[in-house]
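What follows is a pair of complexes built around chain A, which joins chain B in one and chain C in the other.
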Partner chain A sequence: MAEANPNSNPAVLETLGEEMVRIVAPVSACMLLVVLLVTALSSSSGGGLASIATIAYSDDSSDSLWDKLKGALLSSVSFVVLITLLTFLLVLLFYLRCIRFLKSYMALSSLVVLAFLGGEVFLLLISRFYVPVDVVTFSLLLFNFAVVGVLAVFLAKVPIMVNQGYLVIIGVLVAYWFTLLPEWTTWALLIAMSLYDLAAVLLPGGPLRLLVELAISRDEELPALVYEARPVEHLPGAGRRLWRERRDLASNSSSNSNNLEAGDPASQDTSLVIAEEGPSVSALTAPFLQQQLERHGEVDLEGIGLSSSGAIKLGLGDFIFYSVLVGRAALYDFMTVYACYLAIMAGLGITLLLLAFYRKALPALPVSIALGIIFYLLTRASLEVFMVQCSTNLLMF
Partner chain B sequence: MERRGETIDEEQGLIGPRPRAGGGGEGVSVRRTWPTVDGPHGLSEEESVAYARSYFYWGFALLPFLWAVNCCYFWPVLRNSHPSPHVRRYVMPSAIGFTIFTVLLGSWSLTFLLGGEQLFGPAWNDLVMYNLADKLGLTGWA
Partner chain C sequence: MTVAAGLGYVLISLGPALSLFVSVIAKKPFLILTLLASMLFWLISLIVLSGAWRGFLPLKSASWWPYVILIITSVGFQEATRLIFWKLYKKLEVILDAFAEEKFRSRLSWTDKMQIALAGGLGHGVAHAVFFCLSLLTPSFGPATFFVDRCSHMPLFLVSAIISLGFMIIHTFSMVIAFNAYAEGNKLNQITIPIIHILAAVMTLINLAPGGCAIGVPLLYIIGVVVLRHCWQMVWRKLTEQGNRQRNSSNIHVS
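Let's look at the complex of A and B:
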C-alpha cells in the first residue's frame, strides 16, 4: 500500500520554523556580538570620526538641537546619494558583464574590512582588557584570519559554516564601525537607508530592481555579499524535495564565461531544482538590494529573497543596519536593546511572511527599522520611567 | 502485499528503496557518502581532490588556517567514513601540519604570556601588543 501521504500544510509548517530559525539565528548572533563590542569598547569620545558620512557635518555636543538635526539630515542625505550613484555604477558594470572586475574589487574590500577594521577592533579589545599577546602571534593570526576570510566569502569553496561565520563577522565589524558615528546622524542614516531601500527595490526605475531583473534574466547569481541560509532537507513524501545540482564548470555555457577563465568557482551554484511528489517548486533567484559602504566601497546587499534552491537569502546590508540600530540602542541602556531586538525580529518575521506571500524581491529594512525606532522612542519615553519607578520602590527587578 | 518504504539518509543525501527482509530480489540499497562535511551541498570527488591539494600547498605560505579548513571540510575523509585515497593524501598531512603549528604557536604564546618580564627582560614591553599599538598609534582612528 502506498504510505500515508500527509497533506501539504503540516509539511510546510514542519520546515517553516527551521527555515526561519536559520535566518533568525545569524541575525541574532550578529546583533549580540555588536552589543557586546559596543558595551565593551564604548568610550566617551563620540564624534571626531573623519569619514564620508560626517563629511557634511561633524557632531559637536555644544550645538543646538536644530543644528544637530540639520547636520544629521545633511550627512545622511549625502550618504544615500553616494550609495545611489554607486549602485547605478554597479548596475552598469553588471550589465556590461565586468563580473571579474566586480569580484576582485569586492574581494579586495572584504580584505580591507577584515584586516584593517578587524585588526583595529581586536587591538581595541586587547588594549581594553590588557591581554598580553605578542606581536608575532597577533600578526600571524590576523593575517590568517583575513586571508581565509576573503577566500571563504568570495574566492573558493569552503564549508558552509565557515562562509556563514565570516559573513556574520564582516557584518559585525562594519556595524560596529557605524555605531561610532554621532547619534543623530545614525538615526537619520537609518531612516534614510530604509526609505532608499523601499524606493530602490520596489520602484520600477530603482537600481536594485534593475539589478535583480538583470540577474534573473541572465540566470546568474549576483556577485555580492549575501547570507544564504542552508537549505532545509525535506522528508520524503512531505511535499517538496530540493536538491542542489552542481553545474560542472566546464560545461557551463551561460554567460558566466568570465568566471570560468579565472577558474574560480565561487558563484556557480544551482541551476536546477528537482521537485518530486508535490507542488512544483518555482525557481526563484536572488534579489538584492545593495549598498555601498563609504569608506571601503564594498558592495553589500540588503533585501531578502529566495534563492534558486529555495533557501532564504538575506543581504549583508540588512545584518549591518539591524545591528547598527541595536548597537546604538545599547549605547543608551540594555532596556532599549531588548525592546529593539524584539521589534526587529518582529519586523523580520513580517518581511519573511510577505516574502512567502509575494515571492519576489523585497526590501528587508523598512519594516524592521520603523518598528525598531518606534520601540526605541517608546521605551525611552515610557518604559524607562516605569522601570525606574519599579526599581526604586523595590517592586520588581 | 508487502510494504516497501523509502529511506532517505539525510547526511548521506540519497534515497534508495529499503531492502526487503527476505534479502535478494530487487531491493538495492544505495548508500552514498560524500567527501565533504556539507554533504550533498558540498563538492564532488574530482573537485574535492583539486581543492584538497590547493589548500594543502597554499597552507605552506604561512597560512595554517587553510590546513584547518582542509581538515574541517573533508572531515568524512579524515574519519575514514568516506574512503577516498586521493583526497586523504592531502588531508592527513594538513591535519598533521595544523597540529604541529598549533603546538609551536601555543608554546611560544604561553612562554610569552607566563614568562613576562622575568624571562624576556625589557624586551617584553616592546613586544607586547597593547604597548606596541599605543606606540604606533594604531588605534587612533576610531
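Let's look at the complex of A and C:
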C-alpha cells in the first residue's frame, strides 16, 4: 500500500544529477585554484614568455589595435594548425598500434608538466610568500611530487582520489601557464580552439572523430589524459574499487562489471572524451565529452537522460581551457570571474544534456567558451558600471 | 584591510548561506544544480537590467528620484524572472515526478519541493551577495579600507556585507513562500512577496541620505525577520496539516 508519506523519498533529490555534480566539482576546483594562483602571482609575473604560442607574435603594448588583432589571430591559427598536425599524428600512431609508445610519451609529458611547470609555479609562490625552504628539500619534494603524479595518472593502481587530484593539478598548471599569454592572444586562442574542437569532433574527417571510431571499433581505451568521474554506486556495500582495475577490465573487453550487474559489453555505447598531451611544455588537448553507458536489463532511463550507471568522462583540455577563460577574467576583476564561472557551468550543463540526448561524442568546449566570452563582454561593458553605481550608493535590490 | 578582514567580510555576507548549503544542500546533487541554475537566472536578469540602463549610467544627479525609477524597474523585472523560474520549475516537476515514479515508485513529496524552493531562493540570495558585495571586496584584501561619505560610521565593505546578509535572508525565504503560494494558488502571498521585495529595495534608498544607513539597515533586518517568521508559520502549518492527514488516513486504514 503506497501511502503518501511526507518524508518518503529524499532519494530522488539525492540521486538525480549526481554525475553532473561529480564533474562540476572538480571543474570548479580547478577554476578556483587557477584564479587563486593568478591573483596571487599576477603582480610578480614577468612578461615575455618564449613559447610555442608566441612563435608568430609576441605582444607589445605599444602596438595599435589592428596589429594586436592580427598578431593574436596569427598566433592562435598557428597553434591550432600545430595541434591538428599532432592529433593526426596521434591517430596514425594509434592506428599502427604503437600503444606503448603513446603511453610512455604521455607519461613523459606529464612528468615535464609536473616537474618543470610545477617547479616554476612553486618557485614563484615561494618567492611571493617568502616561504623559508632550502634547495635540497625543495628539489626532493618536487621530485617526489612529479614522480608520484606520473605514477598516479598513468602507470600504477592508486586510489581514485589521488588520480583525480593529480589530473586537476596538471590542469591547473597548464592553465596557469596559458594565462601568461598576452590578452588578445588568449581570447583568440580560446575561440580558435573551440572552433577546432567543433570541427574535429563533428566533421567526418576530423581527427578526433577518427580516433573515437578507431577506439570503438577495436574496443580499446585511448591512452590519454581523461578525467573520469567516479561511477555512481548503487549496490549497497559495494566497496570502492581501485581505479586501475576498472580500466583494465574495460581494455580487456571481458565482461565489464562496473560495481553493478554486468552489462552486455556489446551494448555499451562509448562516445568519447579525449585529452591528449602534446609536445614539450605546452599541453595540447583535444577535448570532448564522453559518457559510458551501461544498459541494465531493468531500467532504461529516459526523460532526464543521464543514466544512473553512467560515468562521465571529461577531457583534461576542457578543464584547462575553462580555467584559462576564468583566469583571464580574473586578471581583469572578480565580477567577471563570477559571471564567467556561471556561464561556463551553464555551458557544461547544456553540453551534458545534449550528450544525454545524442549519446555520441560531443565537443565540450564550444558552448561553454561561447557563453563565457559573451558573459565576459557583457559584464565588462554594462554590468560592472551598474553594480558599482548601485553598491557605492548602498542601493541594493 | 588585510586578508583576514577581507575573509571576515565574505563570511559576514555569506556565512549563513554557507551553513545552509552545508547542512541542507550539499548532500543532494539536484539541489546543488538548482542553486547554480537560480544563480544563473539572477545573473541573466541583472545583465539584462544593466543593459537596459546602460545608456543612463552613471547617474550623476544628486536627487533621489532617478534611483527610485531604477529600483522599481529592477525589482519589477526580477519578480517577473521569479515567475518564469516558477513556470520552468513546474515543467521540470513533471519530469521529476515521472523519474521518481519509475525509479522509486513514489512522487516528489512536498518537503522535496520545499527544499527545491529553498535551493532556488538561496541561489538568488548568494548571487545577490556575490555580485553586490563580494565583487567589490577585492580591495579589502589589501592594506587599506574605504569609507563612503553618506555612511561614515563603518567601512563600505562592512555595510554592504551586512546589507547583503539581510537581502540573502529575504531572497531565500521569500522564494519558499512564493513557490508555496504559486502551488496553492494563494493570491495573498503571491502579492505579498513582490511588495516585500519592493519595500526592502526602497528601504535601501534611505541609505542615500547622509547618515541614513543607520536607519535603513535595521529596517531592512526587520523586513528580513518578518519574512522569516512568515515562512516559518507557513511551513509549520503545512507540517501539522500533513501530520493530521497522515493520522486520519491511517485511522481509516486501521478501522
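Keep in mind that, in the parts below, the second predicted complex is superposed on the first by the 301 of 397 C-alpha atoms of A that agree within 3 Å, B and C clash if a C-alpha of one lies under 4 Å from a C-alpha of the other, contacts with A are read in each partner's own complex, and residues count from 1 in each chain.
Note that a residue touches a chain if its C-beta (ideal position, glycine included) is under 8 Å from a C-beta of that chain, and two chains touch if they have at least 3 such contacts.
These numbers were taken from a predicted model, which means no experiment stands behind them.
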| item | value |
| --- | --- |
| Partner chain in contact with A:385 - chain B first, chain C second, else both or neither | second |
| Contacts of A:96 with chain B and chain C, given as first, second, both or neither | neither |
| Touched partner set for A:143, first chain B, second chain C, both or neither | first |
| Which superposed partner A:126 touches (first chain B, second chain C, both, neither) | first |
| First, second, both or neither for A:65, with chain B first and chain C second | neither |
| Contact residues of chain A, present in both the chain B and the chain C interface | 1, 3 |
| Touch list for chain B against partner chain A, complex | 1, 3, 5-6, 8, 10, 15, 36-38, 40-44, 47, 51, 62-66, 69, 72-73, 105, 108-109, 112-113, 116, 127-130, 132-134, 138-139, 141-142 |
| Residues of chain C that touch chain A when the two form their complex | 27-33, 36-37, 39-40, 43, 46-47, 49-51, 53-54, 57-59, 67, 70-71, 74-75, 78, 95-96, 98-100, 102-106, 108-112, 115-116, 128, 130-138, 148, 150-151, 156, 159-160, 163-164, 167, 197, 200-201, 204-205, 207-208, 213, 216, 239, 242, 245-246, 249-250, 253 |
| Complex interface listing, chain A residues touching chain B | 1, 3, 49, 119-120, 123-124, 126-127, 130-138, 140, 143-145, 147-148, 151-152, 156-160, 162, 177, 180, 230-231, 233, 235-237, 243-244, 246, 265 |
| Interface residues, chain A side, partner chain C - complex | 1-18, 20-22, 24, 299, 301, 303-304, 308, 333-335, 338-339, 342-343, 345-346, 349, 375, 378-379, 381-383, 385-397 |
